[in-house]
Every structure is written in C-alpha cells, then in structure tokens.
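Comments concern the structure below.
Note that the chains are named A, B, C and D in the order they appear, and that numbering of residues resets to 1 at the start of each chain.
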Amino acid sequence: MIIHLNKNLSNQRVEEIAQQVKALFYTKDDFAILITPSALQQIPAEIEKDVQAFWPMKNDLQLASKSYRSEKREVNIGGVKIGGATNQVVLIGGPCSVESFEQIDSASELMLELGLSTLRGGCYKPRTSPYSFQGLGLEGLKLLDQMRTKHGLNVITEVRDATQIDEVIEYSDVIQVGAKAMYDQGILRACAKTQKPVLIKRGFGSTLQEFAQAAEFVLSGGNENVILCERGIRTFETGTRFTLDLCGVAWLKEYTNLPIVLDPSHAMGYAYGIADLSKACLAMGVDGLLIEVHPNPKEAKSDASQQLNYDEFRKLVGELKGLAGALNYQIV
Amino acid sequence: MIIHLNKNLSNQRVEEIAQQVKALFYTKDDFAILITPSALQQIPAEIEKDVQAFWPMKNDLQLASKSYRSEKREVNIGGVKIGGATNQVVLIGGPCSVESFEQIDSASELMLELGLSTLRGGCYKPRTSPYSFQGLGLEGLKLLDQMRTKHGLNVITEVRDATQIDEVIEYSDVIQVGAKAMYDQGILRACAKTQKPVLIKRGFGSTLQEFAQAAEFVLSGGNENVILCERGIRTFETGTRFTLDLCGVAWLKEYTNLPIVLDPSHAMGYAYGIADLSKACLAMGVDGLLIEVHPNPKEAKSDASQQLNYDEFRKLVGELKGLAGALNYQIV
Amino acid sequence: MIIHLNKNLSNQRVEEIAQQVKALFYTKDDFAILITPSALQQIPAEIEKDVQAFWPMKNDLQLASKSYRSEKREVNIGGVKIGGATNQVVLIGGPCSVESFEQIDSASELMLELGLSTLRGGCYKPRTSPYSFQGLGLEGLKLLDQMRTKHGLNVITEVRDATQIDEVIEYSDVIQVGAKAMYDQGILRACAKTQKPVLIKRGFGSTLQEFAQAAEFVLSGGNENVILCERGIRTFETGTRFTLDLCGVAWLKEYTNLPIVLDPSHAMGYAYGIADLSKACLAMGVDGLLIEVHPNPKEAKSDASQQLNYDEFRKLVGELKGLAGALNYQIV
Amino acid sequence: MIIHLNKNLSNQRVEEIAQQVKALFYTKDDFAILITPSALQQIPAEIEKDVQAFWPMKNDLQLASKSYRSEKREVNIGGVKIGGATNQVVLIGGPCSVESFEQIDSASELMLELGLSTLRGGCYKPRTSPYSFQGLGLEGLKLLDQMRTKHGLNVITEVRDATQIDEVIEYSDVIQVGAKAMYDQGILRACAKTQKPVLIKRGFGSTLQEFAQAAEFVLSGGNENVILCERGIRTFETGTRFTLDLCGVAWLKEYTNLPIVLDPSHAMGYAYGIADLSKACLAMGVDGLLIEVHPNPKEAKSDASQQLNYDEFRKLVGELKGLAGALNYQIV
C-alpha cells in the first residue's frame, strides 16, 4: 500500500508510523510517502488521522504502477524532457564502447549534425569473458565528460557493478543500469539517493514484474527519475541475438507510469534489422530509442556486428523523422 | 542445391537425374526444378549438359531463400495481391471461431464497411483441452463459404490436422496451417499438391529455420503460393500470452523471399496491446496483418480476452490507414 | 467434473445426461464415465439420482489427475506391465530410424541379449527438412512386425501425422505420438478409439498442463492405456539439444496418475551425457526409459550424434541394472 | 591460449610478455600462468624460449576447461574436500535466510545430528521487491560465525552485490555468488583476490558458456578454488519455479574441470519434488547438493514453499545415504 501522510508531520511521527506499518518512506515537497508490503490492504485505525490519501495494491508494483499514478511520469535529462505529456522521442545514439577521443568526438559531431541531444558510450563493459576488451573505465568517463562540455550533449553510460557507481553518477547525465545489473541492489540503492535520471535495462532473463520492481528500489528511495528500457530477452531463438519484447512494452505501457526507451540494437544483434525495428518501436509509441552507431563498426572493440555506420545511421534518422512527423512526434 | 534443368527434357530424363542427385522436383512452365539435400555443392559431370542454372545452398532453407530468389514472391489471394512489388497490406479480420451465421455475417459486413477483403474464422479449433469448444467443423466451413458468395470476401481458415485438409482446401481461399500444426507433414504435403495459397503460422516453439523449412515442404511439391505468419513465440514471460518476435521478422525479411503476415492478436492475448503492436508491424514493413474482432468479445467461445470489439476495430483500422498513407502503403 | 453414473442406465438416458451437462463420456464395465468442462462444480438436481460418484475439478486436467485417481494407472504392453504398483522399469531401446532388416534385426538381438522386452524404431520421421531422410514408412513398419514375430519383442513406433495412424495402430504394440504431434487431434482421437497403449511425448514447447491435457483427449475417448514421455524442452540453452525437465517430471508425478517414461537421448542430443541422465531418471523413480542405440551411430540416417553404440549401450544397461537393484527396481 | 612460463622468470619479464600477448596472468608456485584472448593460436617467436608449456583454446572457456586440465579440480572447504578424486558428496543444508539465533542454531544441530559438515543461510537476500524481507545483513553473518565456533560447521552465504563482498569473505568458509549476481564483476574480481572457495551459481538466464566464463574471472585472478552450482534456469514452464538443467550438468562435466554442486530446492520451488531431484542428482554423479531446510517452513521469511521441514530432511538424508552407499559415494 502507498500512503501519503498529512503535510508537515514531524519526522519522529513519520518514522513511528513507518515502523508500525513496516514501510519504506521518502519525503516529497512537504509530506511523506510511505510504501508498505502489498499485503497491507487497510489503514490501521491508529494512523488514520495522519493519512492524506492511500492506495492499496495487488502486488509490489506500487510507485511505478498506473493504479497509483495514471499519467506517465516526466523525467528531465539535462533540460530535455522525456515521458510525461511531451510528444518528444529522445533518440540516444553513440558507440557501444568509448574507445578513444577521436572516436567519441566524431560520434558527438554526428549527433549534433542530426539535431540529437543525447550521446551513449560504455566505459565499464559487462563482458562475459575476462579476456575481452573491458572498456576504458574512468578514462572513458572523462572523455564523455569532455563531450558534454565541448558539444553540449547529454551523456548516458552504464554502471557495471556497485564499485563504479559513484564515478558514473558524477560523470553522466543519465545513469544506465545494464541488463546484467538489473537486480544489483548496490547500484539501485545508490541510484535511489541521487536525483539523476536512471535508465534501467531489463535483464534478458527477467520478467516484466521483476523489471518494474527494480524501478521500485529507486523510486522508494526518493528518486522519481526512472526510465525503463526494453532491450530484448533471451529465448530459444538464436538466429537473432535476443528477442525484442514489444508485447512486454505494451504491458509496461498498460501497467506502469514510467517513460519507456527501446534498444533495438542489442535485441537484434545485427545491423540489418535495426532500421525496421526502430520504426516499429516509434510507431508503437515509445519515449526514446537507443541505437548504436560507430565510425567503423568492423573495427569496434565490442558488439561489432550490430553497430550502424554513419551513413546507415543518417539514413535511419531521416526516415524516423519522417515517420515521427506523420505521427506527431518530435525526435530530439 | 537448387537446379533448373533445361527446357523440354523428357520426364524420364528428369526422373533419372532427380534420382541420381537424390532430389525432390517439380515442373514449372516448361522446365523442372530439382532440390537436392544441401550437402550437394557441385553439379555432377554427367548431368552438366542438362542444367540451365543452379544454386548451391548452405542449408535446407532453399526455395524460400533470398539467395535463390532475391525478390519477394507475390501470392494472389482471390484476386488480391500480397507480397511481390505491391504496396498493399492485407488486413485480415474476423472472429477467432465461426460461431453462427449471425456472428460471421455481421463480421463480414464490418469487413466490407471498412474496405477490407479477407475474412478469417476458425472452424476446427486446436484447443488444448477436449472439454472446450472445438469449433463448428464442416458447418463452419459452409458458413464461411456463404460469406464468399454473399459478400465477395476471401476467406481464410485453419486446418487443425490432416483429417480435415481436403475440406479446408475446398472451402477456403487461403489454407491456414496453424501454429500447432506447423510440423504436420500430412497437411504440408497435401498443401503442396494444390495451388491455393497457404499461410503457415510459426509454431510457438519453432525456430526461424524450422519455420522457413516448413515452407519448403509446400514449395518443393510445386505450390509456390506460400505466406509466412509470425504469431508470437513462447518464452519465460507470461504477463502476455506469447512474445511477438519482430527480430525474427527482420530475419525472415533478410533471408527468405516469402510474403510475411503478422498476428498481434495471438501474440498479445489481450485486447489492450493489439493497436500498438499492429502499428509497430505496419511501420516495420509487413505484407499483412491478422487481427481478431468479435461482435461481443466477452461472449466469444474461444480467445475471449484478445478479440477487439467492433468500435475498437474500426478505430484501429482508421489509425492504420492513416499510418499506411504516411508510409505509402495501402490497406486492403 | 468427472461423473460416474449409476450402473446399467440405458444408453438413451446416458446421452441425455451427457448433453445436459455438456459432457464427453465413455462406458467402462457397466457404467458410464462423463467428463464435463471444469467450470461445472455442482451436480444439477435433475441428475442427482443417476449419479454414483463425482469429482469436481479445478481445471481440465481431469481423468489424468491424482485428485480423480490417487494410484498410478497400470498399462500392459504386450504382457509387460508398466506403471501401477509394479517395480518394473521398461527400458525401451533401439535405433532412431528403422533403416534395413539387418540393422533392426541386429538391434533386436541386442535387446534379447540384455533381457529387454521393448524395441523402438522410427518409420515415419518428422524431419524439419523435406530434403532429409524421411523414414522407410510402411516398409519399416513391416520390418518391425517381423521383429515381433521373430524375436518376441514388443515394438513401439512413432506416428508423424494423422495419415499414417491406422498403419501404426496395426503394426505396433505401443503407438508413439511424437513431440511435434502432441497437439494433433487427428492422431489423439484415433488413439482414443483403440485399446492399444499410447505413449505421448511432450511437445518441446508445451507446458505440463497442455501435456497432461493431450492425454485427456485419449482417456476421454475410452482408451485408458496412456503413458507420458518427457523428452526435453526447448530453452535458451543450445549447448545441449534440449533441456530434460526433471522438475516437470516431479510435477507429473505429483499431479497425474499416468506412468512416465523418460527419453534422455533426445533431450541431450549427444551420446556423452546419456548414461548420466539415464541414471538420474532411474534414481528419481520413473516407469520407463527410452534410449537410442545403433550398430554404427556415425552412419545413422538420423540423430547420428545422440545414438549409443552397442558397447556403450551394454555398459549402460549393466550400470542401470546395478542401480536398479539397489533401489529395488527391475529393468525389463 | 594458456601459457605456462618457465620457472623463476623475473617479474619484469613476465609483465613484458603478458603485455605483448595481451594476457592476464597470475603466479603459481614458482612460475607464471598467462591467459590470452583465445584468438591467439600460436606462440610468438620472441617468447618461445620463456615458455614451459601452452594450450591453444577454441574459445574463452580456458582455465576451467578439460582441454587444459583433464582431471577435476579439488577444492578444500575448511578441511572437507570437494571434487578431485574424492568420492565425497558435500550435502549443504540450512535455511534460505538466517532469521534468528534460535533458528540457525537449531538448523546447525540438525546438520550435526546427520553428520553433515556445511551450513547454508542467506544474510543479504537478493529479493526482487524492496518491500520484502531483505535479510539480517551483518547481524546474520555474525550469527553464522557463531555457528562455526560453536558447532565446528563450515558456513556458506551469499554475496548480493559488491558492497558486501568484504564482509562475506571475512565471515564465510565458502563465498556464494548468487544467480542474480553471476555477471557481477565487482564480486568476481574481489573473489579472485582471496583464496577462499567460491561457489558460483548459474544465472537463471545464463548460458553454460557464460556460466563457465564467470569462473574464468575468478580463476584468472589466481583463485583456483571455484565450484559451479546449477540451480535451475528460467523457461516457459511455470508449473515449477525453474527448470533444473541436468543436460547442462552433463555438459559441464564433459567440458569443465570444476566441482559441481546442484541446488534442487531453488529449481523446483516446491518441497514435493526435492527428494526425487536430489536422488537424481546424486545418481548422476555430482560433487555436492544444496538443500534448504527450515524448522518451520510455513513461517519462513523467504522461499517458504520450497524449504523442507526437519522430518522431511532427515528422511531425505537417510535415503540419500542409502543411495550413496550403493554408488560408492560418501555424504558429508
């Protein structure tokens, strides 16, 4: 159950109540929001007088649920709005990994050329082998930071595990919680303590309910700036790298109040399908797209097969802008 | 390997050659097309003089593959073209099951009202329980047949197993091989002997390669009028009924030469997501859509949760026509 | 709901009642067994006086469920008992496909040498490519029939689709409904009309509930001789061919009353794991095993990688007999 | 490629070589072991004279592979050997979560009563909801530590994310890397720097190759004490909680050199199947079992449905000892 307490209760009283109903809580404006286990379905008599409003819940999809807030939440990424009532679709582009100043600077210029606002680039790569390229780490983060200053772009980069979370919070405009880290409470709890936007990728073996509950870890700590990202789930089909779950996106739109970004690049795993999938996502109605582009995909140090080259990316962005126009969306 | 023999060889010579290279074959126009196991990579010297052209293949995706025929095949459904170079998208609508004259007649009128050409309706339902409604059988087929005569609609209906294949061929314009029957060679081999269009649904546990190979059973018997239909695969996610595999559709578009129809209704399993998914499919570029609509979904004898009512369907078709216009497609 | 009517009711009365409660029915000994959709939870007043006993059901797992019959059913395969209270484990061996008289005769002699009673061999192979070996068909069935006469073995062979069901019923002691045909009602309904034992393999994309419901098609037609066979499901893991679902077997043992056979050969897909998996199945407590063995696996026309050679098979059967002794089972 | 350099090379020379071949390395006894990306297939001429032995590899399953070391590795858990040539099977028991002194003390006494050596109990629970019981944290670790002192048991407990790794290393005899943390490099890299045994659970969405590669992160840092634990994968089947992958265990036994522990409790998710699955695992040949037991499962704060009560556990251990005797294993 979610409970809005009356305004201006003392901290002590809030804590008393929270303890009584075994709730997590955070303070917003001038009142406290408590979230109890969903088993609680009625307000105890002793606290009734302190309660402004309350929402019993069927399960632990609570703060992120439509039954609590029917309108989609709006998140502000360095001045660019995503979600809410805006008709903007944020097209996040950039290479899989930050590899060098030249590479990321060139990608930044491509973003600017196409009127896009947000640059991606991985610094801590969650590779499954210790013998592969692991990312430039802090050096990469600093290169991204240079791009913010030099080009005025917002940047998003992935935190691989809890040991880099402070650095990633410091150097990024959006903290990306990667698919392999979706259950990582060390990361999620740290994200809950900042106000930076957090983009959580769905684990490729995670249910929609678990995905939405990962957002609850951040929301219940008081950071309301959460974005969900579907990037493909692992199925028996191995002709493509993963399976983009658009039925799942329909579910998320029906049951959650969070902005949704789609990542066709990781789902497909091959450049040939990215354009079609991007159009599908746009037409379906999503809040953002995450597409990998590299100056020379064949030489990329990670995900070589799925990154578009510049000409493919330019062509795709052009087509997406056309489609967006017809649908009354604006790509930024 | 696919081999086009020279024109006007004697039947006896064709059979000799086929036996020598262990090939299936059929005759088209005035020459024979042989398909050997893909292990064969070179033309034997003895038959070289009889060969017009040949295509070595990497695997048993042969007649359906882009490496044999780079252009998409065109199929004619009772005068309506699907696939090929047409910009038409065939929107097949109708109830899950044919339930009565009134019900299917009403659905037919809805199709006509919206300018659509093709009506669906199941007569032999492949239910997983013997204690559920099993379909009207032959009586249902005859009702569909009345709709062809009365309203000039093309009809598509499912064959559940090989025992009804002759009836379904007789009464339908497109034979639908259902997801649960995708491997049914009794059906596929019977479909190979007619020239009626065959729409093969992907088994929900079937790989893309197996799906394309199901088409090979029909194509290699001489029926080139095959359409593939993606309708969702079974994954660990049970929040939705199945998972529509659009990455797989990108794969099919890249590697096969067959028209592709998408069935968002069965994938989603719930009415709320059908509109979004239909738009996604259309924007991606597909040749047809299969959407379930029922005069009173709550009373439907099968698939009650996923069928749209008439107003939802009208609204969706309107939106799809708008989107189609922007993309230069025409919905028929 | 399952209803046992009183003994010796007239056929007409039985049919009236069945129609009233929308039930399937069959007659056993001197009374009728009706099975209604599970939605029916109470006996209508009008028929109360004709009812001997009844079992309301939670879902359409009815005749096969433990809540109807708590003891495991016993099936008689040509004189060899499987299931029930016997401590026998039927080890079914033989090649994937019947390829020639020499091959199947040799396999038969191996069975006899090891004291085993039941021979397998496929005649109608459900291959996913039309360009692969499709089985010897009727010729193969006749070879199996020779083995029955010559060696006194029971034989089990697969029906691929409804077009061969009559032949398979005629020539086999156990009708095998293959994994790809598990939903094939043409086959299941034909099996319901004979009294021959039917072994139903779980579809690799089928849920346990659907699997058990496939048995309901046969049971509700009056053939109580049904055996379930788990043979691996399709998952994201492709290092092995399929994933043998022993959690699922535990579920089947908990909720159904049918004998259970395990097929480690098809699950694993590679010879190296068969021995370990066979022991696991035996220790878990199953009623039978199905293991592929071929005189020369490398030359096999199908499933070459997973068939054991004779020495491997002899060694495995020896180990299984040892383990069976310790567990108080007897391998036949 | 794995390279054993000659003995007693200078640190400087080792580092030069490692840099040249882009290798990770660690020192064992008096020589260095280098592991390069698997793309390297030949020893460069310049370093040939410094090389004692080398193993080219097909992929990044290297130190854990049978092609490097054909015998199974032995790991020492507080004096109890697991793996190697021992015939011991370590049966790890205990509750899902440490809940109180009384609870864990009682479980410890049960272990002693049954002659078992190793106690499990979670302190940092990787729950998918922030509103569920999250474990006692450090307080729980200290309770486990008391059990070591008081009862002489070895203890194993899970690290949830990198923020608790130091504490878990300090208080446990075996560090458990949970299924949701299998890709967590913060944890894996910390485990690589200790010599404590590490039990890595397979992610429920992880391939066998990825699972084995998680072990490479620990091994390549110089900690050779790695144990693999299969605990069920997520599939389309939801009748059981997960699907225990014994085909996968056969694969691990064939291709890796690490001891293997099986966790039927988490795979099954229900108490009723645990006994059967445990016997299956034991008969298959595994190095350990992990079984949850709780003094009062219905009151358990996590995983209530799958924990055995004491009587069930006693009965199961008795049966397992009987089976172990027949197979010449010893349960400790």
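The rule we apply is simple: a residue touches a chain if its C-beta (ideal position, glycine included) is under 8 Å from a C-beta of that chain, and two chains touch if they have at least 3 such contacts.
Here the structure is a predicted model, which is why all the values come from computation and not from measurement.
Visitor: Among all other chains, pick the one whose mean CA position is farthest from the mean CA position of subunit D.
Guide: It is B whose centre lies farthest from that of subunit D.
Visitor: Counting C-beta pairs in contact, which chain pair has more, B-D or A-B?
Guide: By number of C-beta pairs in contact, A-B is the larger.
Visitor: Suppose each chain is reduced to the average of its Cα coordinates; what separation in Å results between subunit A and subunit D?
Guide: Whole-Å distance between the two chain centres: 32.
Visitor: Round to the nearest whole Å and give the separation of the Cα centres of subunit A and subunit B.
Guide: Once rounded, the distance between the two centres reads 37 Å.
Visitor: Can you check how far apart subunit B and subunit D are, centre to centre, with Cα atoms defining each centre and the answer in Å?
Guide: Here subunit B and subunit D have centroids separated by 48 Å.
Visitor: Would you mind listing the residues of subunit C that make contact with two or more other chains?
Guide: Residue numbers touching two or more other chains: 205, 209, 234-236, 238.
Visitor: Which subunit B residues qualify as touching subunit D in the complex?
Guide: 205, 234-236, 238
Visitor: Taking the complex as given, what residues does subunit B use to touch subunit C?
Guide: Listed in rising order, the residues are 24, 35-38, 60, 62, 126, 128-132, 160-164, 180-181, 183-187, 203-206, 209-210, 213-214, 216-217, 220, 234.
Visitor: Applying the document's contact rule, which stretches of subunit D touch subunit C when the two form their complex?
Guide: Residues 205, 207-209, 232-233, 235-251, 253-254, 267-268, 272-273, 276-277, 279-285, 322-323, 325-327.
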